[in-house]
Structure formats: C-alpha cells, structure tokens
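You will see two complexes here that share subunit A, one where it goes with subunit B and one where it goes with subunit C.
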Partner chain A sequence: MPIVIENKPAQNLVIVTVDGRFDFTCHADFRKAFTDAPKGTSFVIDFGKVAYMDSAALGMLLLLREKVAGDPTRVELRNTQGQPREVLNVANFGQLFRLT
Partner chain B sequence: MLDKRDEIENLKRSLDLVIEGLKGDLVRARAVVRDAVGHLLASFRGLEGAVGTQKELLKSVASTLNQGADQHGNGLTKTTSKLLQEFIEQVVRVSGTSMQIIEHLIVLSEHVELISKDSSAIDRLARESRFIAFNARIETQRAGEAGVTFKVVADEIKRLAGASASLSSHIRQEVNQSFTCLDLIRKSATDLASHDMNTAIESRTGLLDIVNRLDEVNVTLESMLARVTTLIADATRALQFEDMLTQLLDGTLKKLSEVAALTRRAFDALGHDVNGTGIAEIQTISHLLTELAEPGAVAQSSMNQGEIELF
Partner chain C sequence: MSLVAGEREQRIAVVVSDSFLEPTIASLAESGIDASALAEVLARGGLDSADQRPIAAALISVSADPVKAIASMYSLRNLVGNHLLAVAVLSADAPSLESSFLKAGFVHCLRQPLSDVDIGMVLKAVAASAKVPSPVHSKAGLLREARFVFRTPEEARELAQFLARLCPNPMRQQLGIEELLLNAVEHGNLGITNAEKARLLNDGADWHAELSNRLLLAQNADKRVQVFWRRQSSEISLSVVDEGEGFDHEKWMQPQLETGLAPNGRGIALARAISFDSLQYEGRGNHVIARVAHVASEAEPSETSHRQGSSDADRGEATLAMAGQLDELLRVNLAAKRDQDMAYRVLTNILANSQLEHPAIRCMQAPLERFSGDVVLVHPLAAGGLRIFLGDFAGHGLSAAIGTIPLASIFFATVRREVPLVESVSTINQKLHEIMPTSMFCAATILEINEEWTEAQLLTAGMPAVLQNHYQSGLTSRWSTQQLPLGVLPSDQLTFPLLKVSVAPGDRLYVYSDGVTEQRNQHNELFGQQRLVETISGLGPGADVLLKLREDIALFKAEQAASDDLSFLELTIIPPKSPVPPTAESGTWAAFFPKE
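Now for the complex of A and B:
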C-alpha cells in the first residue's frame, strides 16, 4: 500500500507515510488523511520511502496547506531526500512548509 | 725585385681591402637586424591589438551572459533563470488549482449521486402509484356504474405514474451523462496537475552549471589574456636589443676605421724608420691601440643586465 495513515488523536496529529511514487494515484488515500481530521490537527508527511514525486503531489500538499489555513508549523515534510527533496527545493516549498 | 717599401704598400692595400670588407659586413648586419626587428615589433603590436580586441569581446560576452548588466539590467542567464523559475511557479500553481478543481468535482459528484438516489425514489413512487391505479381499476369494475368516476381518477393516477417513471428515466440519463462529463473533467484536471518535475530540476541544474562554467572560463581567459599581454610587453622590451646592437655595430665600425688608420700610421713609421727614430711614433700608436681596446659604449652582454646605455 503506497500510503499509510497513522492517527494520533492524543497529540492531535496525523502521520502520513508515502511509499514509492508520490503522484496522483495517491490522491484518494492522501485526501482521506485530512478530510476527516478534526480542526487544529497537525500533519507529518514522511518522505523517507518516497523515490519519486511529481507536481500532482505538490498540488496535494497545497491542498493540505489550505486545510491547516496556511499555518506552516502544522505541516512537517519529514525525511525529505533525493529527487523529492530537489522537487520541493525547486518549487520553493521550504517557504510554505517545515522541511526536515 | 720588390723592396721593403713596396711590401709595406702591398700590406696596406690588403689591409684596406679587409677593413672595407669587414665594414660592409657590419653595415649589412645592421640593416638585417633593423629590418627583422621592425617586422617583429609590427607583429607584436598586431598581436597586442588582437588580444585587446579579444579582451573587450570577452568582457562583452561575460556582461551579456553572466553579469546581467545590459541596458535593461538583465543578462541572458539571469533572464533564463527568472523564466525557468516563473515556469516552475506556474506548474505548481496549475497543479494546486487542478487539485482544487478535483476536490470540487468530488463534492459535485456526491451531489449528483444524491440526485441519482432521488431518481430511484421517484421510480419507487411511480411503481407504487401504478399499483394503486391498478387496484383502483379493479375496484371500479366491481362497483359497476357507481365506479365510473373513480375509473377516471385511477386512469389519471396511472398516467401520472407513467409520467413520473419517464421523468425519472430522463433524470437517470442526465445523471449518467453528468457522471461521464465529471469523469472527463477529472481526467483533464489530473493531466493538468501531473507534471514530471525532473525536467525542471535538470534545467535548473544545467543552468547553474553553465553559470559556474562561465565564471571559470572568464577567470581562466582573463588570466590567460593578462599573461599574453605581459609576454608581449616583455617581448617588445626585449626587442630594444636592436638599439644595443646598432650602437655596438656603429662603435665597432668606428674602431675598425681607427684601427685601420693607426695601422697605416704604423706601417708608415716602420717604412720610413731608417735609424730607429720612428720608435716614438710606434709607441704613440701602441698607446692609442691600447685605448681602443677599452670596452665600447654598450657594455652589457644580455638584456637582463640592465638598461641600455646610450653613447
């Protein structure tokens, strides 16, 4: 399964782990992570296992940003490396999200 | 038979011939050196001019490509870099907007799904109405004459049930069409949202490489051209040896003439010296020859030994 969603209600946190390609095929699962999340939820997107991402993935991250009302502290893009890291850099997502 | 005086005269003529020959050689050597140096100087000046032009061209290319300093304040690499960044921002913006459209399409699909469910409810109502109309017709037949009026009502209910079923069928067709359209829009939006970002990354990396390489090329060429300019200046300075050589040759010519004159005087003194009285003249000539043996005006033997001393 390319996307695993881990809810941590006690911490008001949702951790989304993407595996392999992060593109439009992940859309349905990815939106599940935030459509039902209560207001004030923070999100961690774990890129540790992502080998490739395209602009659709960037679009999904922008949707998530809308969900948190543009608060950069509430979305962390964790373990970014390789091609995904370069895509995030080239798109200047470091200004919109917390990249670790 | 030749006497002593005749021999001396022969010697003097031979000496004159040798001296004139040597003088001619020296004059020709001076002319050859002057000509060669003239050509070399002209070549070096031409080279210096070409290097200067090359330098200006390089500056102009560097200014246009790398420094970003044309009359509009935009260099080629700066403009390309800006254009690439705008393209990337545009791709990201389109992807974000497309994903928003897909979100709206999902909501719209849910509403159309509700309409589809409503249509099924209308079908159910139509079936129930037809069943009521059917039962009403049976009852009106049992009632005989008294049921004629109810028969009209039952027929009307049946007609309305048919109209509802037809309307429901029409709604279902429209809903199906809407689903087809929504699916097409979703696919288009997906295509719009999905762009491979590797090309953008490669372009940016390539552009940065070009800028870095241009910097390196500029530095290398600048230093190389400076080196060539220095070498040309050194070579031009070295060509001043022509002055030294000319002075040396002129000095040698002068000395040669003096040596010839003194030798003639010596021969004369020896030819006329009967009682040994010419010894004083010989001593004077010897002294003058010793003075001529002193180093000439150009004393140094290489260009590195200092500035040229003029006569």
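Now for the complex of A and C:
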C-alpha cells in the first residue's frame, strides 16, 4: 500500500504517509485522504519514504492546499529529502507549504 | 385522419416511444396524424383491431441501452412492414451513435433537447415521405432472376438501393449490398488497396476526385462489375463479379486489429454481420456471393411471416448488438483520432509563430507522446532584442498541451505589442490561474535579451536554473529567481522580480525543462544538473552542445525509457552588428569567433 492514511480526530489531524513513488497513480488514494476530512483539519504529508515525486504529485499538493483554503499552517510536508526535496525546491513550493 | 402521401391520399399512423406520446399528440393534433405508444403497439401486435391505418413512421427514444432501441425498430418493422421510416432520438448526453443508428436503418437521428414543435415537424415530414405500400402487391414478387452491369460508384449506390428493395429486409441489406458493390469498383476494378484508401482518407484527399480520375484511366475504361440476382424458394442470392486482381478476402472477413484507427476496412465484416446470412468469396477474391434467407413469398404476408420475423428480429438483434458495439468502438476511436488531429493542427498553427529558426537559437525537443506538455516560444522584439518562453505543463500528452493555446496566444500578442516582460508574465500567470484546474500549472523560464544584446533579464518559475556558459572563461554560472510555477496563485498575490544578467558575445545561455535533469538511468540515478553543467563546460567554444548532450543522455539512460517531455534551448549571444555564425546541423560542428 503506497499511501497510508492515519486519522487523529482528537487532534483534528490527518497524517498521510507515501511510500515509494508519489506520482499520478496515487491520485485517487491521496484525494481520499482529504476529501472527507472535516473542516479545519490539518494535514501532515510524510515524505520520509518517498523515493520519487513528479509534477502530478505537485498538482495533488495544490488540491490539498485548496482544501485548507491556502492556509500554510495547516499543511506540513514532513521529512522531505532527496529527489522529492529537490522537486519541491525547484517548484518553490516552500512558498506554499511548511517544509520540514 | 388523413395525409397526402405522394399523389394518393391515405390514412396513416405514427408510433412513438412513450416519453414522446403527450407532446407529439399535442403538436400533431392539427396535422391530422395521431400517435400511438410504441410499447402498446408492440405488445398488442399492431394498432386497435378496428384501426386499419398503416403505420408510416416511428419516433424511438434511445435510452441507456442503444441496442434496445434498434431491436424495437426491427420488431416494429417486422410487424408493420419495411416501408416504416424510423427516427432515433438520442438523449443530450448520449455518446455519438448517430452513424451506427443510420447504418442500422434509422432514417434520421436527432438529439435532445427538442421542442414539442420540433418533434411534431420531424414526424410530419417523415410520415409524409413514407412510401406506404399500395394495397396491390408489387409484381416484384414474380421476379426470379436478373443480371445487372455497372461501372461507377454512383451506379453502385443506386443499384444497391434497388437490389435491397428486392430483399426481405431492405434497410438491413442495403448496407451490405452497397459495401460489396462499392468494393467491386474501388478495390476491384480501380485497384485501390485498402492501405491506399486509408492514406487518401487520412490525408484529407478528395476521395471522389481520386475515384473519378481512376475511372478515366484508359486501363479502367472497359472494366465493368456484373451482379447476378436470384430468388429461390429459401433464399435470395447475390453474386458480384469484378475485373480486378482480387484480394486476401479471408483477412477482411473479420475486422482487423490494425483497422482500429483506420477510416476504412470494416465494410466486409459489417456486411457479413448485419446484412447477410452468408458471405462467400470465390477464386482470387474478385467474385463474392451473398445469401439472405428468404422465408415467405412477398405476395403472402401471413402469420408465418410474422412469427419468422420475430426470430429474425432476435437474430438481427444479437448480431447487430455485436456488430454495433464493434462498429461503435471503432467509431469512437476514429472520432478521438479526428479530435486529436484537430487539436494537433491548432497547436501546430499556434506554435508556428515561434521563431525557433532564429540564428541565435538552437533547440532540442523530445515529447513523450504526440502532444508535448513542454512549450518553447521565441519571438524577436521590434527594437532588436529577443524574448524566450520555455514552459513545462504538469503532466504530459494532450491534457498538458492544451494550456499551450492561451499561453502562446498571450505571449505572442504581448511581445508584438511590446508589453513589458513582467506585465506579459503576470497576464499569462493570471490567465492560467483562472482557466486551469487547481492541480494544473506551468513551470516556466522566461528570458529576454536587450536591444544591444548585452543583458539578459530572466525569471525561473518552478524551473531548473538557467545556465550561462561564459565564452571568455569557459565557466558556467547558474541563474534562478525561484518563483512558483505559473497558474498556481493569482497575479495579485505575486511579484515577478527579474534577474538581470550581463552577457558577452559568444556566451551561451541554456534554458531547459526538468525532463533533462530528471532523466533516470537503470540504477535509478538522476542525470541531474551537475552532469548537465559538466556536459556544457567540458566542451570548447563553438562545440555542438546539443549533439553532445543528446549523446550523454542516451549513454546515461541506456535502456531506460524517458519519463517526461524534454526541452533544451541554447541561446548564443550574437550582438546585432557582428556576423551571424553558421547554424550547426546535428552531427556537425559550428565554430563562432566573435570580433575583438
């Protein structure tokens, strides 16, 4: 399972862990992670196990950003490293999300 | 209730799907025709027993199951006769099945929304043109044998229509007969191969003109097609003989895989599935015999013919369902290809404005698919500078390429009107933000060379750094403004600060999409910017960097497939008054030595 969704209703938090390739094949699963989340939910996307991401994954992050109404404090891209970090840097997504 | 059909005043009725009953009754009330419900007529096996009017026309709605509509039409035709003119009405969101319905024997295919008035007018017009058989039986029933000779496609069509009327189910048999007769002319006597026909149709050539030209050739002047028609007690047979070389008929009896997207090549398989009970080629393939089971004398319409007609309808339903679905699939493919061709032409036209042949520019593009998500736009400025836009839309293929249309339109319009660079970028960004879905965006590098070719202004939005290889030192610098890709945020939330970079004659600037740096090898390593810098810096002045890069990437990726569109542009700084260096071709060297 390349995408694991962990709901923490008490903290109003959803943690999404992507494993391996974060690309267009993750689209449906990734959307599932946030479409049904209640208003005000914060999201952590854990990139620790992501070996590769493409522009479709950047697009998915933009959809998530739309979900949180552009609030940069409510999305954290955690453990970004390697190629995904490079892609996020080239796209300058640090201006849209918290990269940790 | 009466309507003048031809010169003879006759009482007729129409049948409509239940959903049309009320509006039709209302709109036809003044025309002297009234409508009966299709379901009722089929269940009862006709109109009220007291009602002797012939049913002239039917309006059949096409719901989720198109085959059901075709089956209803056949059932009704078996009930009331082959003179019935049927009109299909597709729901607004139904797929484009029109041609399949027409082939199945409907005379018109309409699409919702239709007003009551529209429905009434169509039914009235169709009913008026119906050739309701006269009470006196046609003498055609006495015909046993006939021989016809013809030469042209027009004669083939007319003869097919005539011969179909001598068959048990003219609407169904006409398709097959026409296919056979036209094949005999086109592929038989005129010797046009299937591949040639596909090419002519795909090239948009005038097919009719091509046929006319071939008919005029001396070698074809005396060639004729002969048709022998025979009615026996149990079947009608049709024998078509042409004077051609014949063909590999086995191959065309089943639709071929390679026919998938071709505009032709399905006629024989369709004729066999829809029109005939058997189809048999003889000899070298220039002689075909089609047979249709003939169940009752046309002079004796009876209970028997009704019962047989029903089983005929079942069989027809089944074969038509299969043939229809196959045909539909091929048609959808063909329609998709036509749409793509159209989109491709539009994109090609727009990109034709891009002056990639400018002497200072060399560009390498390798799209993953037919449509590239990368776009390279180059246009000179009136004062003497040059503006370059290299964009990379998220994703690849047509969905990525579609954004090129507004982008290129704005780019060329603003550069021609000499709109300042920042304003042009801001307009493009805002337009892309407005029209593209949230997950779509365009990473881009925009670069402008000033009038004197001494300074470049640039902006990188979600793109890798621009590289500058200095002519004098051989060193390579990287330039980046680290902005968000275009289309992500509205322009009023962004600034577009430009980076100003000094350039000297002979310097070369490299703008590229991440398809270059993100190419992977079999060990899953990226080509990366470092390798790119090494490729660029490792060569002497005047070297063919594009050729070397192409080789280096090919060597690096080896068997690994490309995973993204790739674009790479080289801009050589050639001051306006210096001689223009020769443009290098692939595989050659170009040397450029600026004047001191």
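Details
As a working rule, the second predicted complex is superposed on the first by the 100 of 100 C-alpha atoms of A that agree within 3 Å, B and C clash if a C-alpha of one lies under 4 Å from a C-alpha of the other, contacts with A are read in each partner's own complex, and residues count from 1 in each chain.
We take it that a residue touches a chain if its C-beta (ideal position, glycine included) is under 8 Å from a C-beta of that chain, and two chains touch if they have at least 3 such contacts.
Since this is a predicted model, take the numbers as computed values, not measurements.
With subunit A as the common reference, the superposed partners subunit B and subunit C clash. When the shared chain is aligned, subunit B comes close enough to touch A:Met53, but subunit C does not.
Touch criterion not met for A:Leu13: it reaches neither subunit B nor subunit C. Legend: residue contacts after superposition of the two complexes on their common chain; A:Leu99 is shown touching neither subunit B nor subunit C.
Of 77-85, 149-157, 455-463 or 581-589, the segment of subunit C running into subunit B after the two structures are fitted on chain A is 455-463. Comparing the two interfaces of subunit A, the one with subunit B and the one with subunit C have residues 24, 54-56, 58-60, 62-63, 66, 83, 87, 90-92 in common.
The touching residues of subunit A, when paired with subunit B in their complex, are 23-24, 27, 31, 53-56, 58-60, 62-63, 66, 83, 86-87, 90-92. Of all residues in subunit B, those touching subunit A in their complex are 88-89, 91-92, 94-100, 102-103, 190, 193-198, 200-201, 204.
Those residues of subunit A lying in contact with subunit C across their complex are 24, 51, 54-56, 58-60, 62-63, 65-66, 83, 87, 90-93, 95-96.
Listing the residues of subunit C that touch subunit A in their complex gives 392, 394-395, 438-441, 443, 461-464, 482-485, 488-489, 514, 518, 524, 526, 563-564.
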